[in-house]
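I've put the structures underneath this note.
The following pair of complexes shares a single chain, chain A, combined with chain B in the former and chain C in the latter.
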Partner chain A sequence: MRLCCSGVRLTRGRFDMIADGVFEPGIHLVSGRIGSGKSTLAHILAGVRPPAAGVVSAEGITTTGLLMQFSEYHVTAPTVAGEIRSWGPEPEAILAETGLTGREGDHPLRLSRGELRRLHLACMLAQPWDLLILDEPFSALDGRQKELLCRRLEQRPAGIVIIMTHEPLHLPACDMLWEIVQGTLMYRGRIPDALPAWDGAPSQVRSLLDRGVVPENITPAAIREARCRIRG
Partner chain B sequence: MQDPRLRLASVLALSVAAFATDAGAVLAMIWWAAMSLPRSRPHLPGRAAITVWLMVAAVAIVIGITGGSGVSYLLRMSAVLLIASFAFREQRGGEVLQVAVWLGGPGAGFELGLLAELAIQSLRLLERDIEHMKTAAALKKSRWGIAAALAMAQTLIIGQLQRSDEQARILARRGYRYGGTLCPVFAAEGRDKIAAICAFALMLFALIPVRDVFIVIQ
Partner chain C sequence: MIEISALRHLILDIPLLRIPEGHCMVIGGNGAGKSTLLGLCAGMQVPLSGSVAIGGREPRSSQVGWVAEFPDRTLVFESVADEIASSLRFQHRSCAEIRREVDACAERMGISHLLSASTRELSGGERVLVALAAAIIARPLLLVLDDVDAHLDERSANAVQAAIAHSGTGHVVQSTQNMETAAAGDWIVCLEKGQVIHSGTPETVFDALAGSWLYPESWRG
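Then we have the complex of A and B:
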């Protein structure tokens, strides 16, 4: 199972981006500044938008899930229960998991942004996607919900998970690191070996790297452990 | 066209010309082709314009069946739609407000301009919302039907109402009451002026019975 980008070119107005590389099973983190083209790339990788040039080929991938940047984009049903069913799962379990029991008759847009995000994430993670692309999955979530999401992503069965984010603090244990720099998708390598080459590393990772300490991963726990190594 | 004042005036003149006579409609289409097609990325009508055109075509068929001139109606409305689509694609954020302030001043002009800007912005966001909904439906492999269309319409309306409410709160929070200060700046190129003169000439050609003028001269 793998997702290959060969000579993929993305254009959006004056914006231009090139993407080449292979996504294999594991958790991939794609970082980049706001407006660097992460969302456009997510849509192209998921096959919902054609690239301006090049080919995206999905080998051995039968099911693809894409979480778009804003949860409002996903709403297609007039009730919370209908919205859950539109994804596939039965509502009861998802309502209980997201703390929305009793609100199944509300319109999904009546939920707060955080509630709607939780709802869509629960619906997505309830299914065994071969390829799961999450565009800014941590937006509108509080710290506790971000931690829960990280744990759930780490516990997923084998498959390709691509996380597009500029979240600096709450990140799951990732296998591969990618970065969008000046209109080019760059493969930085496997984590932790790739971390020293991470131009846009969050400040807490950067401060460790500047002191010559490479954390085992980018989770809050791994970063705490690396800090202890400095003090020790 | 860079100058929104000339574009707005041209669009008004061409719409009048197109709706007045069949000849005016054909000339308006030629004007549209001259302005839209020579670009590296031509401004062709979007899906929404094509959908409206299909409705116009249906009305034209009914007019034809009931003894009216359906072909003429279709021709004239097609020209009006092409010109409207051109104006919508060419329009940039803030232009309508600038033109309204230039025309009506910082009081009533600003008010009208702001209303028009908000309305145009809503149309653009509606277009974007529909695209996202279609993407979401494709991702979920949802089936299209009456129930799905009704749900989509309901979501669009609620989304628009929420957005309007948020905008109103932001304006109120910023102390907006009536009117505002804006110094409009316009950049008109020579070809814009030529295009606008052509548009007005087409309107005059469509409205003034030219044959009668030649009879008078003779």
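Then we have the complex of A and C:
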């Protein structure tokens, strides 16, 4: 199974971007500054928006899940229970997992933004997707929830997971690194070998790289471990 | 000074909370009541019982700048320049002055290149920057920012914190899930299940939170 972009061109308002590359099974991190086109790329990779030019071909991919940047855009039902059913699962298990038991009759937009995010993530992760695209999945989550999400993503069965984010700290162990720089999607390579080439590395990773230390991965634990290596 | 007393409102139960002038960070888990507290300070909601006062006045009779946790909800106008200019226009300032202020504010925020864009074609992070520029341009007495850094990359988030610091606003109340950002504030209020469990300087609050998931990564030994 793989997702191929060939000669893909994205345009949206004042913005223009080109993307070429192949996404193999594993966890891919796509980093880029705000306004660099991460969300537009997510929509095109998920097939919900056609590219201005080029082709996105999904080989051996039968199911695709897309988590949009703003959770409120996902809401289609007037109750929390209805919102869960709209994704497929039965409400009880999801309510218990997200700590929202008792809120099933509330309108989803009465939840806090973090709670709504948790709800949608739980509904999505309850299903097996061949291709799972997550646009800023960590935003609005608290530190504990970010770490839980990281562990769940790492434990998912083989498939392609693409995470668009600028979360600086709570990141899962990733396999491949991509970066959008000046309107071009660049494949930086496999982690950790790709890390020294990461222009937009978060400051914690950058401070290690500047001292010639490459962490094993980009999780907080791997970064802490690498920091210990410097101190000896 | 912001003084909250005998407050009971939805999940919040706060007998007494005093926030000194400066930059106050509100922290806590999802659903702890951060947005509710911020909404009350901004005057977007009125307490069911108890009171919130900014320098002795109700939020609704004070000038408050507000950026919501759903940034789409605060964008009203079609163009970015109109959106940022709106609060000055409502004050009937002169066109020349407004144009000057808008240009200067956009430059400080690093969004000059967006002024002629439509608010509808902005990315998520850009929407936050525009909403923030619109909130700080009139130098409100109080600036309330709900999780604005969630949609920003590190460089933009640092630019935002610098712009807030130079905004000339006496009171800033900001919620964040980034504890490094929180640690740079003057004051921290930590909420849990609607109650204030800590309120004080970053040193005292994070001392009390040592070993918890809220402790800043960069402070760990």
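One rule holds in what follows: the second predicted complex is superposed on the first by the 232 of 232 C-alpha atoms of A that agree within 3 Å, B and C clash if a C-alpha of one lies under 4 Å from a C-alpha of the other, contacts with A are read in each partner's own complex, and residues count from 1 in each chain.
Here is the rule we use: contacts are C-beta pairs under 8 Å (C-beta built on N, C-alpha and C of every residue); 3 or more make two chains touch, one makes a residue touch a chain.
Since the structure is predicted, the reported quantities are computational estimates derived from the model, not experimental observations.
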{"item": "Combined model on chain A: chain C and chain B, fit or clash", "value": "clash"}
{"item": "Which superposed partner A:46 touches (first chain B, second chain C, both, neither)", "value": "first"}
{"item": "A:35 touches, of chain B and chain C: first, second, both or neither?", "value": "second"}
{"item": "Chain B versus chain C as contact partner of A:192, first or second or both or neither", "value": "neither"}
{"item": "Between chain B and chain C, more extensive residue contact with chain A", "value": "C"}
{"item": "First (chain B), second (chain C), both or neither touched by A:72", "value": "both"}
{"item": "Which of chain B and chain C A:113 touches, first, second, both or neither", "value": "second"}
{"item": "Identified clashing stretch of chain C versus chain B [3-11, 75-83 or 129-137]", "value": "75-83"}
{"item": "Where chain A meets both chain C and chain B, residue numbers", "value": "72"}
{"item": "Touching residues (chain side chain A, partner chain C) in the complex", "value": "12-14, 32-39, 69-70, 72, 99, 111-115, 117-118, 136, 139-147, 166, 168-169, 200, 202-204, 220, 224"}
{"item": "For the chain B and chain A complex, residues of the former touching the latter", "value": "129, 132-133, 135-140, 142, 148, 150-152, 154-155, 158-159, 162"}
{"item": "Residue numbers on chain C that touch chain A, as the complex places them", "value": "28-31, 34-35, 69-70, 72, 117-118, 121-126, 129, 147, 150-156, 177-180, 213-214, 217-218, 220"}
{"item": "Residues of chain A touching chain B in the complex", "value": "43, 46, 48-49, 64-66, 68, 72-78, 82, 86-88, 107-110"}
